[in-house]
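Presented sequentially are two complexes of chain A, the first with chain B as partner and the second with chain C.
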Partner chain A sequence: MQLKLEKKLQPSKIMLFATPILAVLLTMVLGAIIFSLLGYDGLGAVREIFLTPILNSLKWQDLAVKAAPLIIIGIGLSIGFRANVWNIGAEGQYIVGGLAATGVALLTHEMSGWWLLPLMAIAGMAGGMAWVFIPALLRTKLKVSEILTTLMLTYVAVQLLNFLIFGPWKSPTSYGQPQTVLFNDFQILPYIIKGTIVQAGAPIAVLIALIAWVLMSKSVFGFQVKTVGSAPNAARYGGFSENKTIWITLLIGGSLAGLAGMLEVAGPFNRMVPQFPTGYGFTAIIVAFLGRLHPIGVLVAGIVLAITFVGGEVAQTTIGLPNAAVGLFQAMMLFLLLAGDVLVRYNIKRVRRAS
Partner chain B sequence: MNIDLTIAIIITMVGASTPLLLAALGELVVEKSGVLNLGIEGMMLTGAVVGFAVTYTTGNPWLGIFAAAIAGASVSMIFAFLTLTLSANQVATGLALTIFGAGFSALFGQPFTGKPIALFKSIFPDSLTEHPILRVFFDYSPLVYFSLFMVFAVYWFLQKTRAGLILRAVGENDHSAHSIGYSVIGVRYGAVAFGGAMAGIGGSCFPLILTPQWVEGLTGGRGWIALALVVFAAWRPGRLLAGAYLFGLIATMELYAKAAGGSFRIIPSELWASLPYLATIIVLVLISIRHKTSSSAPACLGKPFIPN
Partner chain C sequence: MNNKQQKTPFRLKLEGITKAFPGVLANDQVSFAIKAGEIHALLGENGAGKSTLVKMIYGIMLPDSGSIFWNGEKIHIKNPKEARSLGIGMVFQHFSLFEAMSVLENIALGMDNKLSKKQLEAKVYEVMDTYGLSLEPSRIVSTLGVGERQRIEIVRALLLNPKLLIMDEPTSVLTPQEVEQLFATLRQLAKNGCSILYISHKLHEIKALCDGATILRGGKIVGECDPKKETSKSMAEMMIGASLQAINKSTIKDFGEIALEVKNLSLAGVGDFGVSLKNISFNVRHGEIFGIAGVAGNGQNELQSALGGEVVLKDQAAIKLNEFLIGNMSANDRRKKGLCAVPEERHGHAAVPDFNLKDNAILTARDRQNMTKLGMISAKHAKDFTKQVIDEFNVMTTGSAAIAGSLSGGNLQKFIMGREIMQVPDVLVVSQPTWGVDAGAAAAIHQALIDLAAGGAAIIIISQDLDELLELCDAIAVINEGNLSEPKNIGQVSIEEIGLLMGGVHGQNSEQLTPNSEVIAS
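Let's look at the complex of A and B:
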């Protein structure tokens, strides 16, 4: 017996929504089994990673903090993925965005005023765009794969970060620690809910998701991106420039990753440190896919992935589950989602092998 | 430049190139069959941690290498099932495989972190490996000779055998290959498994011939450079060898520049560390300028195959 795939005329709408939920549920079931087999408390791991962050209201503020950068970067990536533009080096754009914002913060360290944070945000977005500029140029002019160039530049960004904080930006008062000075009060994001750690990043993430939703579903640009991605020939016939689409989607992706970098460095970090590259840029790829490349989906998926991060920390302290387990759960989720994609696009038929 | 230093640089260069060469050879065969597997980094990490663990527990590096190959091939089957049987998006699935490999290796490797193993050194007698001149031929791990043999073996397989011809046909025109009775999916499964095994062995080079220990993220992005090397080599094994050694040389220069200090200090060490990645980009640019009119990539690369 063999399975035969038949392409559906229309992708199944129900499956499009159902498969991400199925993927998360299956990850919980499979995760419990696999981690039990590995000799860990499998059920406990699933409970701590997926449920504790939701049930324990004290953890909600952590969710907001972790979800914000994932959503912001994920939105940018999802717009690119829609157009078949594979920027997988968002981590590098995030780092350079953070560095550009840090640069502004250091230059204006003696100044005060409400305009400092917007200036840092603009610098962060410019930094992210600068880092994606070369891949965009090479892709549009020379057809060099953006997959490789964006990723290679991520490693360069890490070295740039090290160079700056071990060298010219190192704080004179940090006792040899490779880090910059603490930002001043006007360079740190305001807390939006008193008594919590939730800063301005969270509402900005929601706002960006809403803007992206309108942009992608109501504007000509959104239509253009989707057409270039799903029917390049039709797009060409309809007069949509592929190169222009590549440029715009990459710049959006870079600027949002850069903005996330600024919000992190001016938020939870308060200064630039070697631990700044947290892998948000890579996890955001999972967020984009789990969210079905739809802005509202990405918003939800960002929260789901944030749950696994926060839950992973919980599981580490309560049942001694290594932090790396979270990465495994996240990868499993993406695998299962991609496997589920087959249900969206194809009818599966069983056929007997002709003898 | 004196002869001792030159020989020392050559030996370091060959060692640094070997994991790249092995992983890239595997990916070359995968891509020739029309499949783009972006999970090399994940398969290399899996191979590195399993190779280390088995070598550490049994004390036998041969077993370690064998286990690394099996481990690499096993995780590559997740990719194969998703992309070939379920025709999932190859780019996304490959990325997922890399994330999976990073998570798996970090989890599996945790108990082994900081534990030492012996480097897997040359098996030739000391009179050859310590000879001032001849050591340039003999002072290498068996993995190095294996990688060179595989360059030849892959070339011979692709160009001179019937099976290699079928594999290339599947990569160039899957529907024609299918209609004359070849199993496109079967061939691709085989190619992906081979690529996984080679990436696994390549990953095991890190603990076995470069740094005799396990640390998280040991391969440091080399899997992605291996991917770029395949493009650089225009899908030819011989050129792949040259490309891998060129990158090994750049990495080696970084080490020696750091150690030498002096005039090299003008260039910050971070710039040296960035060089392999910047060089990859520059090389990709040069390739695409030269091949502007015709691409040498297999025609079906990255496209799912659905029989009619």
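Let's look at the complex of A and C:
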């Protein structure tokens, strides 16, 4: 028997929305089975990873903290992906953004004032943009694939981080620990909700998602991005420059990743440490796709991925699930989503003999 | 079955072939037959079900019901390979050739039996000699024109000694001389006993070539006729199921000032195979329709891009639109100044297939129709304009939210032409306005172009369809290898003359040369 994929004339609208949800549900089912087979409490693992963070209100603040950078980076990536610009090195832009903000914080360490945080944010965005500048230049001038360059520059960023905090930026009072000094009070994000750990990152993420939504659905720029991604020749005919679009979308992706880096270093970390690269930049790729490259979708997907992070930590302590389990769940989600997409967009036909 | 039929069974006979797709019945109880050595036309508008039908004969699709008989024997054709082994060959409208490979390599890839390069080359030469086809086996496909590419497909099909050759819209891109040559080949094939199923909507060709015709409309057979006994008009009316309106063209013409002045336009070709434009100069006045004829791949796409602004020129003065020098302006700025354009390829160039019609209207009409304000798009304005285009140009669709890719070729083309024409440009540059479009839609598009010119617009039509140009244009020039010939007024120029120019023969030499394939291929 042979199977054949046949493109559907028009994929079902409902299924396009339902697939990400189905992918998450199926991930839970398969996850439960797999971890049961591995000798863990499979159902418990799924419960702890997916449900505890939602049901336990104490975990909500953790969700907000984890979701914010995922959403901010995911929004930036999704705009680029829409234009077929595949920046998969947001992790590097996130690191350099954090480093640039740290640099400003160290230079202004003796100063005070409300303007320090905005300055650090600008520095963070500039850092992220600087890190996509090279891929953008190589792509537009020499047609070098940004998939390679952005990814490779991520590893350069990690080395840069290590060089700085093991070297010139190492705190003199850290007893040899590779880390910078603590930022001063004006360089640390304020808490938005009293008595929680929710800082300015969460509302900024929501705001960015809303702005991106309006931009992508209503503006000429959003139209341009979609046109370039969908039909480059038609875009040129419509008066849109592909190279300009590549530049702008890469710079947006880089600046948002850099901003997320600033919000992290000035937020939960309070200083630059070697543990700063937590993989948000990579996870944001899953966020962007799970959110259907739609800003509001990305907002929801960011929360879903945050749930798996927070839940993963819970499951680690309560049922001794290894940390890698979270990565497995996340990967499974992306895999099932992409597989689901094939089923939504294509009919599977059995090739049979004519009767 | 009567006795006579049993004695000499039909080469191919279809009985009650039905094929449904989600939402459409593409073929509904289709039955017809072709005799050995007969050239049989399959006639119908776009979307009538011709392609579906031949795909089933060639084994690309399977019928839902109905039977196919081959030399009187009931058969099931499961795939193209089986069709080929029976002796059914097909030359597609869209060629499936690898651009970067040579002619011979492309032919070898299409063969079911592997031959050595030498054997294959010998066979290729044999076929070419037999049928007077000229091709250089070692040429890289991307350097070849459309006519030559088609010859590769024909040679590929002929190598299998077919008993039935299916030709899908074969002449849409050929010069008159190339068409003549193709017909000579087909007639000789038929004489040798090969049946030919000829799909087209060019009626005079069918009259000239075919022995019988089956007419499809909406998936059903609506008539059979002997094309030699019918008029083009009567066949066209059978095809579209309505009486055909003659084009209304006022004979008295009063052209205005020069609307578009192209002066020494030169542009280096992009890539290894791009055609360079060389010192192209011409003027088009308000109200005038200017045709540019030529064999595909002689710089038409480059000229379309340079005029439309998809490629921005360094020389500002190369193009003058009314009083503005626009050579260095982007497509968008040119549009704002009054120059609209329609490139040849509908899918992915003139329209985004994944977008709905409203978004496809935004693609080019957003500025001229005031759809944007402060960088934001007014969906309402866009929708209103889209609806106007749909109504005015009779686009058959479910509405402005319909996905462009779901429209038939003719309907999408009507929408695209309507979108540009309703922006009331001063100058309109169109390539192949009726490529692959059915007679009804083509007539509507032609009328709209004439009306636009009557309203004072200057129109440039770049087309490989000479009939179209002769019917519509006031003046015509020929593009060959990036050079544009001296423009001539229609009425002062013969088809033969244009044909020779298309083949690259200029000036006095043309009298010494006969229009044959060598000239055209050069």
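The working rule: the second predicted complex is superposed on the first by the 350 of 355 C-alpha atoms of A that agree within 3 Å, B and C clash if a C-alpha of one lies under 4 Å from a C-alpha of the other, contacts with A are read in each partner's own complex, and residues count from 1 in each chain.
Definition applied: a residue touches a chain if its C-beta (ideal position, glycine included) is under 8 Å from a C-beta of that chain, and two chains touch if they have at least 3 such contacts.
Computed from a prediction, not measured in an experiment: that's the story for all the values here.
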item	value
Three-chain arrangement built on chain A, chain B and chain C clash or fit	fit
Dominant contact partner of chain A by residue count, chain C or chain B	B
Touched partner set for A:Leu142, first chain B, second chain C, both or neither	first
Which of chain B and chain C A:Lys218 touches, first, second, both or neither	second
Which of chain B and chain C A:Pro118 touches, first, second, both or neither	neither
Least C-alpha distance (whole Å) that remains between chain C and chain B when both complexes are overlaid	5
Residues on chain A lying within both footprints (that of chain B and that of chain C)	none
Complex interface listing, chain C residues touching chain A	21-23, 62-63, 76, 78, 308-310, 330-333, 335, 341, 343, 345, 348-355, 359, 362-364, 366, 372, 375-377, 379, 403, 406
Chain A residues touching chain C - in the complex, by the definition given at the top	8-10, 218-221, 223, 226-227, 230-231, 233-234, 236-239, 241, 353-354
In the complex, chain A residues that touch chain B	3-5, 7, 86, 88, 134, 138, 142-145, 147-149, 151-153, 155-156, 159-160, 162-163, 166-167, 282, 285-286, 289, 322-332, 334-335, 338-339, 341-342, 346
Contacting residues of chain B [partner chain A, same complex]	38, 78, 82, 85-89, 91-93, 95-97, 99-100, 102-104, 106-107, 110, 216, 221, 224-225, 227-228, 231, 268, 270-271, 273-274, 277-278, 280-281, 284-285, 288-289, 292, 306-307
